[in-house]
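First the structure, which I've put down as structure tokens, then a few questions once you've had a look.
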Amino acid sequence: DFEYALENDVKPAFGRSDESLNRLMTGGITVWGPEVTEILDQGTLLAEVVKNPENRGFRSAVLAGSPKTGKTSLAAQIAKGSDFPFIKVVSPEDTVGFSESAKCASLKKAFEDAKRSKLSVLLIDNLERLIDYHPVGPRYSNLVIQALLVLLNSPPPVGHRLLILATSSDRSFLRDMGLMVAFGSVIDIPRLSTAAQIMNVIGESNIFSDEQLGAINHKLEELVDGKKFGIGIKHLLELIESARQCEADYRVSMLMSMMENISLNLF
Amino acid sequence: DFEYALENDVKPAFGRSDESLNRLMTGGITVWGPEVTEILDQGTLLAEVVKNPENRGFRSAVLAGSPKTGKTSLAAQIAKGSDFPFIKVVSPEDTVGFSESAKCASLKKAFEDAKRSKLSVLLIDNLERLIDYHPVGPRYSNLVIQALLVLLNSPPPVGHRLLILATSSDRSFLRDMGLMVAFGSVIDIPRLSTAAQIMNVIGESNIFSDEQLGAINHKLEELVDGKKFGIGIKHLLELIESARQCEADYRVSMLMSMMENISLNLF
Amino acid sequence: DFEYALENDVKPAFGRSDESLNRLMTGGITVWGPEVTEILDQGTLLAEVVKNPENRGFRSAVLAGSPKTGKTSLAAQIAKGSDFPFIKVVSPEDTVGFSESAKCASLKKAFEDAKRSKLSVLLIDNLERLIDYHPVGPRYSNLVIQALLVLLNSPPPVGHRLLILATSSDRSFLRDMGLMVAFGSVIDIPRLSTAAQIMNVIGESNIFSDEQLGAINHKLEELVDGKKFGIGIKHLLELIESARQCEADYRVSMLMSMMENISLNLF
Amino acid sequence: DFEYALENDVKPAFGRSDESLNRLMTGGITVWGPEVTEILDQGTLLAEVVKNPENRGFRSAVLAGSPKTGKTSLAAQIAKGSDFPFIKVVSPEDTVGFSESAKCASLKKAFEDAKRSKLSVLLIDNLERLIDYHPVGPRYSNLVIQALLVLLNSPPPVGHRLLILATSSDRSFLRDMGLMVAFGSVIDIPRLSTAAQIMNVIGESNIFSDEQLGAINHKLEELVDGKKFGIGIKHLLELIESARQCEADYRVSMLMSMMENISLNLF
Amino acid sequence: DFEYALENDVKPAFGRSDESLNRLMTGGITVWGPEVTEILDQGTLLAEVVKNPENRGFRSAVLAGSPKTGKTSLAAQIAKGSDFPFIKVVSPEDTVGFSESAKCASLKKAFEDAKRSKLSVLLIDNLERLIDYHPVGPRYSNLVIQALLVLLNSPPPVGHRLLILATSSDRSFLRDMGLMVAFGSVIDIPRLSTAAQIMNVIGESNIFSDEQLGAINHKLEELVDGKKFGIGIKHLLELIESARQCEADYRVSMLMSMMENISLNLF
Amino acid sequence: DFEYALENDVKPAFGRSDESLNRLMTGGITVWGPEVTEILDQGTLLAEVVKNPENRGFRSAVLAGSPKTGKTSLAAQIAKGSDFPFIKVVSPEDTVGFSESAKCASLKKAFEDAKRSKLSVLLIDNLERLIDYHPVGPRYSNLVIQALLVLLNSPPPVGHRLLILATSSDRSFLRDMGLMVAFGSVIDIPRLSTAAQIMNVIGESNIFSDEQLGAINHKLEELVDGKKFGIGIKHLLELIESARQCEADYRVSMLMSMMENISLNLF
């Protein structure tokens, strides 16, 4: 039975791909605001559209947000939450230093693998790196982006269903490179921008006393007030790690000085 | 008999090529307006010009329209409707990651195959991808476009007849790349732009009650009124799929919010 | 006898080259105006300059005109009319997808073949394609154009005589690429621009009644009047083919609507 | 035991890498001002953040300062001071004339080596040279920078800890190339800019009499006064070497004339 | 005897090189004005500077003039007139389609050959072609020009003497490419610009009656008067060849119409 | 004994390198002014800084001056005058037509050779040619300049001493390419610009009578007066050679007309 053989062939790969999904999940998801839940809900809806036998079963979406905003973790969470039996990860780590054509071949292979299973998620982490994009020039691998544009437009065989999820750090990159149109939809991943959102994360860290938390909250409200302030969740977690290393008395001032640098765009 | 050998040689290929034609036809053609019939009529006329023994039997045309407007399906429909015994498809899917010269060779081969038969259609889907075009730079494969320009200008052997159909997403791309002149004619594929056209498609979906259809019609008329609104047929079908996934009560508002995003050019 | 061997070696090639000359002659030459005769006369004069033993016997000329104006057919006609025993054709069709250096080698070979015979015409069809020219960039094969510039400046051995004829779609291309100076002379191939010229061709087609011809003539005079209208002979013949396919009653209006598109530069 | 094998495998490399660390330390560190101590303290904090088992154990920082300001020595000092058992050095000297892909492979290998140990420092000296950056063009190896961007964003296996230190001569290079964001933090390495700082170094050289030192101090105060003067520690040590070579009587005037050239930006 | 071996080795090459010198001399030198004599005198002086044992014996000069002004013939004439025992010709014809590195190798070989003889002329015809120069881009072979710049600056072994002569169509090309400085001197080759100069050449052709010559002279004086008119000797000889082909009565008017085209810059 | 083996290995190379040093010295050094002595003194000082065991023993300098100002001869003279036991020459002549990577390898080898000896001079003649620099584009070998920048920043092993001397025709080239900073110091090589300086060289030639010398001096003073005149020593020696070839009576006027051309920037 051909179908059977296919799934047989796919099974061993499944374990491997699951492991590479875990590699992308470097920690849990803190729900620092309703924005987080909403993103996960959009992912769930997409997965259901793909699953529904009345539909054609071929969708793609890209999670777009500034660096260190949690894109990769959220995409992985959506993939995992979809409960699709086959999840394939395309991560730039796996093709470091590959030639353009080797990258193409690896991308093509990932799509083929995903299409061979009846119900798959294909997670492409970091589109910029996939196509070797660099803004100075700009440079990019035309070979790889051409392959991507073709593959994003090639439905799986009849009866097979495929959800493609990708991440990218820059909406204008997506638009300029023609990837905005090529993906069916874009899910924006925001930075934390209010004192309350940030406090939700700081509170979980258990390194500040209640008094210190009050002080931080107060200073954050001042900092944020009237300005356009924003910090990615991954960046915030790093600052908290650095603060933890200081002696207790210096933690608040150190954390706040790093926050100020961010608000001054010094970093 | 040489002629016989030729056709013999071609036959097995025929089956294969027919299959690849089906691959391009991902669904039926909804006649959402007289524009659709007119496009198919233009295709029929071209096929007849090629067949007519009084004529030279060598024509090419490109179907040009925005992304997701149904170009590929319409080109396939015209090819199928021509009833020519040999139909060859050049699809970017078949040459993903090929080197420029491999792409050239494959294109040349397709033309040779098509010319060997007495009466052929050659369908080239997605000219942008064929020549690896990207607007950033811009980049394109000069090797492939040179080959294309030469092949488009080389008639089949005396007595053999060839109709070349191609698709492209961008009229200005065609003009800039010199493909407008190289193809004998351009057939424009429009977007749906009136409430009535859109309702023709939504009505067929069977997911809205009559009351909901009325509401949608009303809102669409407001949305479209006075603005330049347009949505490709493939895009519209995707929105309907997403709406189907919502609970019945939210379907109308979800569909309309997606329509508004389009009208605001947010997507 | 060395000379004898040379000619012997050349003979078989002759047959072949004659065949490839025929390939360029896709139909007869309609004398739609005195311009046509004049062009052929200029060709005859060049051939005589080359043949005259008092002269050095090395000349080159390029036929330049817009796409579809009949350049290739006229160049082939001049070559054939020269009655030179050896005619070599360099056609882009023969080197589709070749690498730059393979194109060079093939060009060099063609010149060598031509110079080995005592009296040769070398016909280079479509200089743009020969050098892989594309205006976007612009791109061209520097390797091939350098070879061409050198070969155009290298006379055949003493006593041997060589006429080089080429075609090109664009005078400004020729000037910019330094080919204007490299060729000894440029022969301009015009478009048909008066109602009378066009009627000469339409009349020959035998698809319109006398009444229809009168109507067309009248409408053409209106169309052309005061505007800069022009249509290549090859383009015109295509329009007539399309018109033939219509039912008799629609032919005139179809022909005229296509003519109007041309005058509006829509094509 | 896998862990054991890993460390076994790493041990021999350790000796070698330590040797290459010494190669970067071409002399001691003179504390010419509190700035020096502060830089070393920042390094110590980073190392502790990485070591702390409560943290994720993956950090990177770049030491940025003008040419000849002591970046390499300070980075080496921080690495040595961290007391991490494995220190890997990526120095441009080791890949002179390598192809881009060989450079990539060598970079990837260095990261893999570092990640295999439980607690490592990876020191990348001179980012400009690593990516073959040259401002005329500009030119850079996109292959290498893409690899670097990916590797900087790939944490070591769970339980393994990695501190990445790099040096670069130009903050705007870092920002333009997207390396500012890719590295977690930037440590600025200043030039000596006051007479007192410079005298701290000159005093240690033992080549000037006390009277001469007084004269130099006086002249330096004049030179620096009101201008933006700055000299890297490595540059200053070179000037002192040149002065030593002069006869005692000319030393002061020679040193000061070289200092003036610097302040006039003649060098 | 080493010297002897060298010369022995060189002798056979000599014959060959002499033959290639003849290939450049496609006809005699008409002294159409004192300019011609002066050019030849400058060549003679250079040869004597090189021969004089009191001098270092290494000089280079480039003959620069518009296309078809006789540069190649004059350079060949100077080389021949020098009576140096070894003359080596570097002609673009010999390296058509060569790769950049093959061209380099061939250039290097030519210099080595020339330096091995005690007294050599090295004639490099057409510098633009040697370095594959094209103004669109511009493009050129950096590999070849770098080789040329090095070789032009490397004297022959002590006691050996070398004169390098080159031709080029464009003074501004020479200046921009740094060849003006690299060659020791530039000899300008002018176009014929007065009626008298032109009549000197036309008179020699024996195809016009005295009366016709008078008429031509008169018309030329009108044409040239007050304008900046110029025609290269090679171009003029071609016009005369074309005129010869006409019937006697049309010759004058044909010649003059071609002259007018030149003065209108239509060619 | 390792040290012994090293020196043994180096010895044979020594002879060879000395020979290549002589190749650069195409004549003696005329002291046409105190500028010449000063340049040689700067070289001597550098050599002593490198030799002094109290210093680190690693210095580099570049001699920068217009074409034909004597840079190569002066660098060679400094190298010879240093009396270092090992002198290695990197001359563009030795790598004509080499690929970029072959040039890199050869450069790297030269540095390794030089570092293996205890006391070496490495003379790099003509930096522009070493890195295949051409201002049109501009073009340069990034591979070679990256290698050079790394090698210039890598000290020899402890106890070994290395002086690097280079020549270049253009200060702004050095600055733009980042070579100004990479070399420790720049020694400017001037042109002769006063009548007295020029007369010092002309006087040595013995081809003018005292009366002629007086006339030349007078004319030179006029020529130079108030203008910015300059001529390289190598260029001046060439003019004198040309003048020698004239008959005695014409020598002065010929020399002066060549001088005027230079002052008019015609050459």
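Read from first to last, the chains carry the letters A, B, C, D, E and F; within each, the first residue is number 1.
By our rule, contacts are C-beta pairs under 8 Å (C-beta built on N, C-alpha and C of every residue); 3 or more make two chains touch, one makes a residue touch a chain.
These numbers were taken from a predicted model, which means no experiment stands behind them.
Among the other chains, the CA centroid farthest from that of subunit C is the one of D. Because subunit A and subunit D carry the same sequence, their contact can be compared by residue number, and under half of the numbers here are used by both. Per-chain CA centroids place subunit D at a distance of 58 Å from subunit E. Centre-to-centre separation between subunit D and subunit F, using Cα means, comes to 34 Å.
Among the residues of subunit D, none is found touching two or more other chains.
Following neighbours round the ring, subunit C first and subunit E right after, the list reads C, E, F, D, A, B. Of all residues in subunit F, only 45, 48-49, 52, 54-56, 59, 101, 104-105, 107-108, 138, 140, 142-143, 145-147, 149-151, 153-155, 176-178, 180-181, 184-186 touch subunit D in the complex they form.
In the complex of the two chains, the subunit F residues touching subunit E come out as 26-27, 67, 92-93, 96-97, 99, 126, 129, 132, 134-137, 139, 238, 241-242, 244-246, 267.
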